[in-house]
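First chain A sits with chain B, and in the next complex the same chain sits with chain C.
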Partner chain A sequence: MNFALVSLSIPLFTGLLLLMIPRYGGPWVVLSSTLSLAAAVASLVEVVDSGNQAVLLGGWPELLAIRLHLEPINALLLAFTALIQLLVSLYWSRNCRNDGFWALASLLHATLAALWLSGDLFNWYVTLELLSLVSVSMVALAGKDSIKPALNYLFLSLLASLCYLLGVAIIYGRYGVLDFQILSRMTVGDTSTAMAMLLMTLGLMVKGALWPLHLWLPPAHSRAPTAVSALLSALVVKGPLFILTLLWTRMAPMELTDKGGEFLAVMGVFALLVGGWCSFRTPLLKEMVAYSTVAQLGYVMLALGLMLQWQLRETLVALWLFVLAHGLAKTSMFLAAGEMQRIFGNKRVTALRGASQTAPVAMFAFAVAGGSLIGLPPSGGFLAKWLLLEPLFYDLQRWPLAFAVLLSTLVSAAYVFRIVTLAFDRAERGQAPSRDRVSEWLALLPALLVWGMALVSEPLILWLTRVAQ
Partner chain B sequence: MMGGPWLFDIALGVLLVVLAIASIHARNLYAGVVMFISFGLVAALTWTYLGAPDLALAEAAISAGLTGVLLFAALARIGNTGSTPFTPRRLPALLCLAVAGLLMVTLWPLARNPSVLPGMAMANLPRTGVDNPVTGVLLNFRAWDTLLELAVLLVALLGSRGLRPTPEEEPVPWPLLTAWSRLLVPLLTLFGGYLLWRGGNWPGGAFQAGAMLAAGAVLLRLNGLLPEVAWRNPVVRGLTIAGLALFATIAALTAWLGDGWLNYPPGTDNALMMLIEIIATLSIATVLTLLVAGNKTELEP
Partner chain C sequence: MSLSWTGILPLAVVLSSLVPGLLIFTLREDQQQLRTFLNLLGAVIKLVLVALMLYGVSQGAVFRFEFPFLPEAGILLHGDALSLQFVSLSSVLWLATTVYAIGYLEGAALKSRFFGYFSLCVSATVGLALAGNLVTFLLFYELLTLATFPLVVHTGTPEALRAGRVYLAYTLGGGALALMGIALLHSIGGTESFTTGGYLAPLMAEHSASLMLAFGLLVAGFGVKAALIPLHGWLPMAMVAPAPVSALLHAVAVVKAGVFGLVRLVYNVYGVDVMDALHLNDPLLWVASATIIYGSLRALTQTNLKKRLAYSTVSQVSYIAFGVGLLGPLAAAGALAHLVHQGLMKVTLFYCAGAFAQTLGVHRVQEMNGLGKRMPATMAAFTVCALGMIGIPPMAGFISKWYLGLGALQVNKEWGLAVLVISALLNAAYFLPLIYRGWFSAPGKEGWPAEKTFQTRLTRLPESHWMLVVPCLFTAMLSLLAGLFAASDLSPLAWGLLIVDREFQP
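Right after this comes the complex of A and B.
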């Protein structure tokens, strides 16, 4: 547990230090996320070796204390957060123009670590609140254009917080407990529990931008500075999703899981198709990437829904794989999109005509990340999608869902190839744009990692099957 | 069965709803803000009546007091225009009623569900080093929540700076107010200190005390009696993060050298909690002052 707490403390103290002395932010954050990554990996090794750990804060008895718990999944997410933070800060320390970014990024990292480790409904509320406020502040870093999306994001996520808090209050009123682990043994399927689950689910769906409550996401993610977009899409939406998954897989009473699963699966399918279509139609490059996040979150919802409806454990593995693969691919895609936007000085998709000749590495990063989003083998996205599809084929009754997944693959191929074909057009003759080779390669790095996931696919899947509950 | 207490219950409940509606549908924004502040005060009264004086103090100081000041500051920038006039709309009203009804149905059966937690908290209270259960919960049983809440406050300040509000004109100090503030501020400081010191044993604590100090600072700033409070001043920045930094340092040290994260060593509980409260009060006061009366011109890029 101590390694996990070190992994949380390092970014927290770095953030405070950078608020005090806002200089050399980039190097500091790169250093702190490297150290935090090392600590997270150590905690992962520790938890794999010696099993799940929990600590009651302050040494108080159960119920009274806040419980922090460390399981392989939490430790994995902890390491994943630090890794994404490291990749993004490596890229952004070459391009950052606003020193305010670094302190906020560190605080974001610490907040996410606190969220992964927490095991208490109210403590989750506090971390969610902190997460939203940090994200809104980071979106607003982009200046005048981003203020309206940032404020919309703030108001919607405050509403969502209240929804979640009301749900927690009802749970507390009904069971008198906030500790997640104890609650998961206590819940029964009565009206108050159903209402509480509904309220918490709605709140988390707004925060996690799950269709149809995603409307704040595309403007906020596309107007934010590039590094912020990458962090928001890769990490921040996964926080509420993590809580949602835990709530439904462990705490929801049996009577509710069936209905809840059906609802989430249907919403997931809509997210895939509608989000994909919007992504295909939008004229702006970063908005296209942002809509693709909405679509990709549909897979996660679908996986969760299937798990609840048919008790398919493979889909839970698929869910975590989606989280990892989407995080890495989206980081790369946003960084590449931001890089090209900077090179061409234009926000529109049409500006990319001939990008394969004028900005080959960035375009390559974009296409490689897109390949994982489509689910082309051998990438992380393919692994996750295959695991999701496999159980769907076994049963004739589930074929419509399998068909929806295949159709959504087609849609995601459409929005990625729309860019790629444009990029392979002949470039207009003119002055060669100024490129920064190092930052193009840094944008490519996460995409290479997501394809690298395929190299370790078998142990990864076996291990996740063992630890995902 | 319509005895005195019931009448008071109903009067408070109705008053709250009426003030809430009035603050939304007032004829102009100024009236709306006044209604909102009254709403906060009646809510504070309700908390007192329900036996939660800590909440009442926080509600009065932060929700009615400082939020009111923030709303007035916003009003000064946009001018006292009319708000949306009240037009009865059936669909939203029906929807609200349906949601309210559903919530009532859900919440009604919970009224008689006793929780074991309050009893446990009271039984373990002597071991926390304080006598006030609220302080015990905030700074010992659930100290981790409070630590993160301090971070929330800090990030709220950073976020509001990021939104770059337009600087307002410095108002000309009003002689009577200047004279009064010289009298009021020492009293506010004294009262803030009293709330802080009392917090260990009776209702009160860092948040309320911080709000009092901030009210004093804002009053002085508005009268031009206090030098400008600017983020670029390292002392101001230091004060802002001191509470969170101290709390996190204590957490890290207890995990490293002691028995665990935020597990205060026996015998030092009271001293550590008092130290955290004092520094947190200063931090909260600085953050709130910066939010309300901070220097806005330095925000321009």
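Right after this comes the complex of A and C.
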């Protein structure tokens, strides 16, 4: 547990320090995420060795104290967050022109770490609020263009927070407890619980940009500075999703899971198809990547829905694998897209004509990351899709969903290869644009990691199967 | 994972083109000699390794490389007699095509990218040939799509990009269908390694509907690359690629990957008994027959040489599917021999077409008049292989068609013979005019469309760059030998009979 707390506090203090002394942000954040990553890995090893752990902050008794708890999944997410932070800050320390970024990025890291470690409905509310505030400020870093999307994001986020808070209040009024592990033994399927679950789910769906409550995401993610887009897509949307998953898999009473699962699965399919279609149609490069996030989150909803509706434990493993694979792939894709946007000085997809000749490494990173989003073997996206598909065939009733997954594979292939095909155009360009080779390779790194998951796939899947249950 | 040499060798065969390929990507455009060296080094090492493996298999060694991937479905590379037939074909033709491509692309831009993907493409093909279970097969099947796409769009013209989009739409769609089929089979019976006689027989009683659906999905998935109608649309369009790519796509890599998938599916996954019991072979046979006739008919009407060859591929590759669908031992031997024969002949025809286009600018059938005087050696190679395609004895094509015909009679499907005869007549109708024009017509008065002089005088033969001519002659000679010495122990036919021997008498 101590290692986990260290992993949380390092970025917290780095962030506070950088707020006071905004200098040399890049190296400091790289250092702090490295240390935080090391601590998170140590905590992961610890929790695997000696089982779940919990700590009550400030020495208060249970129910009063802030209770942090550590399970293998939380530790994994902690390490994953630090890793993405490290990758993004390595990339951004070569390009950043804005010192405000570094303090906010560190605070974002700390907030997410707190979210993974919390286990109480109200603490989650606090971390969600913090997460939204930090994210909104980071979107606004891009300047005038991003003010409007940032404000939209803020307002919707506040509305969602209120929704969530109302749900929490109902739960507290009904059961008098907020600790979700205690709640998971108490909940019954009455109207007030159902109402509370509905409100909390809606709030979390807005915050997690789950279809059809995703409307704020594409403008916000596409207007934000590149590194911010990467962090938001890879990590921030996963926060509300994590809470949603825990609420539904552990706390929701049996009577509700069936309906909730069906709802989530259907929304997931729509997200995959509609999000994918929007991604295919949009003329702007980063907006295309942002819509792809909306689509890919559909897989997560589908996995969660299947798990609830049919008690399919395997799909929970698929869900966590999607979170990891999508995080890495999306980091790479946003960094590559940002890099190419910088090279060509144009936000439109059509600017990428011939990018395979003029910016080969960045384009390659984009394509490799896209391969994982499509789910081509042996990438991480494929592993997740395979685990999701397999239980769908056991029962004739679920076959339509299997074909929805097939269709969504084709849709994602369409939006990725729309860009890749353009890149092979041999249209003559003016002078060769200036490239930064290191940045391009740093953009490629997460994409290679997501394909590298194939090397450890079997132990990873078996381990996740063990800890997810 | 064993560390003995028999465990490493299958992996080494795949890596022998993958590693040079990745290195080539990092080279600058002007590092011509290093790139050529790496290309040829990889090709030669692969040939040596494959020869070693052939020797090992003949001595009874078992080559298995295993690596954990999915739970209960690891990555398995496995060298058996069937995979070695395909691996040997690809490694020999890779060497020839590499030499050819170096000559063909002399002076062109973006060669590092081209040869990088070229090597990846061969790695994927070899991996697919060595794949020991369906999951591994799928992995390399998809990698092959990814590696060939940049080659199809290499020229970067609007036409090439359009062909690339169509190619992707077909092949990724096919890949997704194959994934569904494989996941379906995995969910009902697990993924086992390919075995003689298939492994699905125990599931037949309970899951016959699922097995039929999975078969449909997989045939559709593999049929895309095998260019079975109505899934053949990408192939004629992909002709915009440079000639070495077309040669490789048609003779070895893509279409053969699809057909090879069908062979594995029928003999090593479902097995002859299950196929027979569920009546799965009849639809396959009908589709294959229809493709044979349709491809030939379309080839007749093409005026562009490469397009005519493309439709001819559609037709000829279906002979293999046809032989597989007949489910008889003799037909199977014919099909497996045709896998190699068609590869050798078609690669030669494409080399020749590329040499004509690159040297003289000849693209259309009408422009071929009098080619025999200007480029006699290339035209001779073209003639040998075109006659082989028609099936004139004693060429290679005759041998495989003979066995296919005997196979059709063996399983009492006399109408199969009619398909073969009609197709042979159509083949003659679209190949003989080309041969006639080449040797007996006088060249046009206005000269060749675009005659090219090669920069390096030293490397010139009288008719063209030696790197364009020698591969033609080499593969034409191989196809001639495969026909003349079909009865010897080293011929593709003998190897096909050996495989069939093991397959039908377990």
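What we mean here is this: the second predicted complex is superposed on the first by the 467 of 469 C-alpha atoms of A that agree within 3 Å, B and C clash if a C-alpha of one lies under 4 Å from a C-alpha of the other, contacts with A are read in each partner's own complex, and residues count from 1 in each chain.
Following the convention adopted for this analysis, a contact is a pair of C-beta atoms (placed from the backbone, for glycine too) under 8 Å apart; a residue touches a chain by one contact, two chains touch by 3 or more.
What you see is a predicted model; the values in this text were computed from it and never measured.
Touch criterion met: A:386 reaches chain C, while chain B stays clear of it.
Of the two partner chains placed around the shared chain by superposition, chain B is the only one that A:140 touches, whereas chain C remains out of contact. Contact with chain B, but none with chain C, is seen for A:68 once the two complexes are overlaid on the shared chain. Contacts of A:78 after superposition: neither chain B nor chain C is touched. When the two complexes are overlaid on their common chain A, residue A:425 makes contact with chain C while staying clear of chain B. Ranked by how many residues of chain A each touches, chain B and chain C are led by B.
In the superposition on chain A, no contact is made by A:300 with either chain B or chain C. Of the two partner chains placed by superposition, only chain B is touched by A:130; chain C is not. The part of chain A that touches chain B in the complex is made up of residues 2, 5, 9, 12-13, 16, 19-20, 55, 57-61, 63-66, 68, 100, 103-104, 107, 110-111, 114, 122-123, 126-127, 129-130, 133-134, 136-137, 140-141, 143, 147, 150-151, 154, 166, 170, 172-177, 191-192, 195-196. By the touch rule above, chain B contacts chain A in their complex via residues 102-103, 105-107, 109-110, 113-117, 120-121, 124, 140-145, 148-149, 151-152, 154-156, 158-159, 162-164, 234, 237-238, 240-241, 244-245, 248, 251-252, 255, 259-264, 301. Chain A meets chain C in the complex at residues 354, 356-357, 360, 371, 374, 376-378, 383, 386, 389-391, 393-394, 402-403, 406, 409-410, 413, 417, 420-422, 424-427, 454, 457-459, 461-462, 465.
By the touch criterion stated above, chain C contacts chain A in their complex at residues 68-71, 74-75, 110, 113, 135, 138-139, 142-143, 146, 149-150, 153-158, 160-161, 164-165, 168, 172-173, 175-177, 179-180, 183-184, 186-188, 210.
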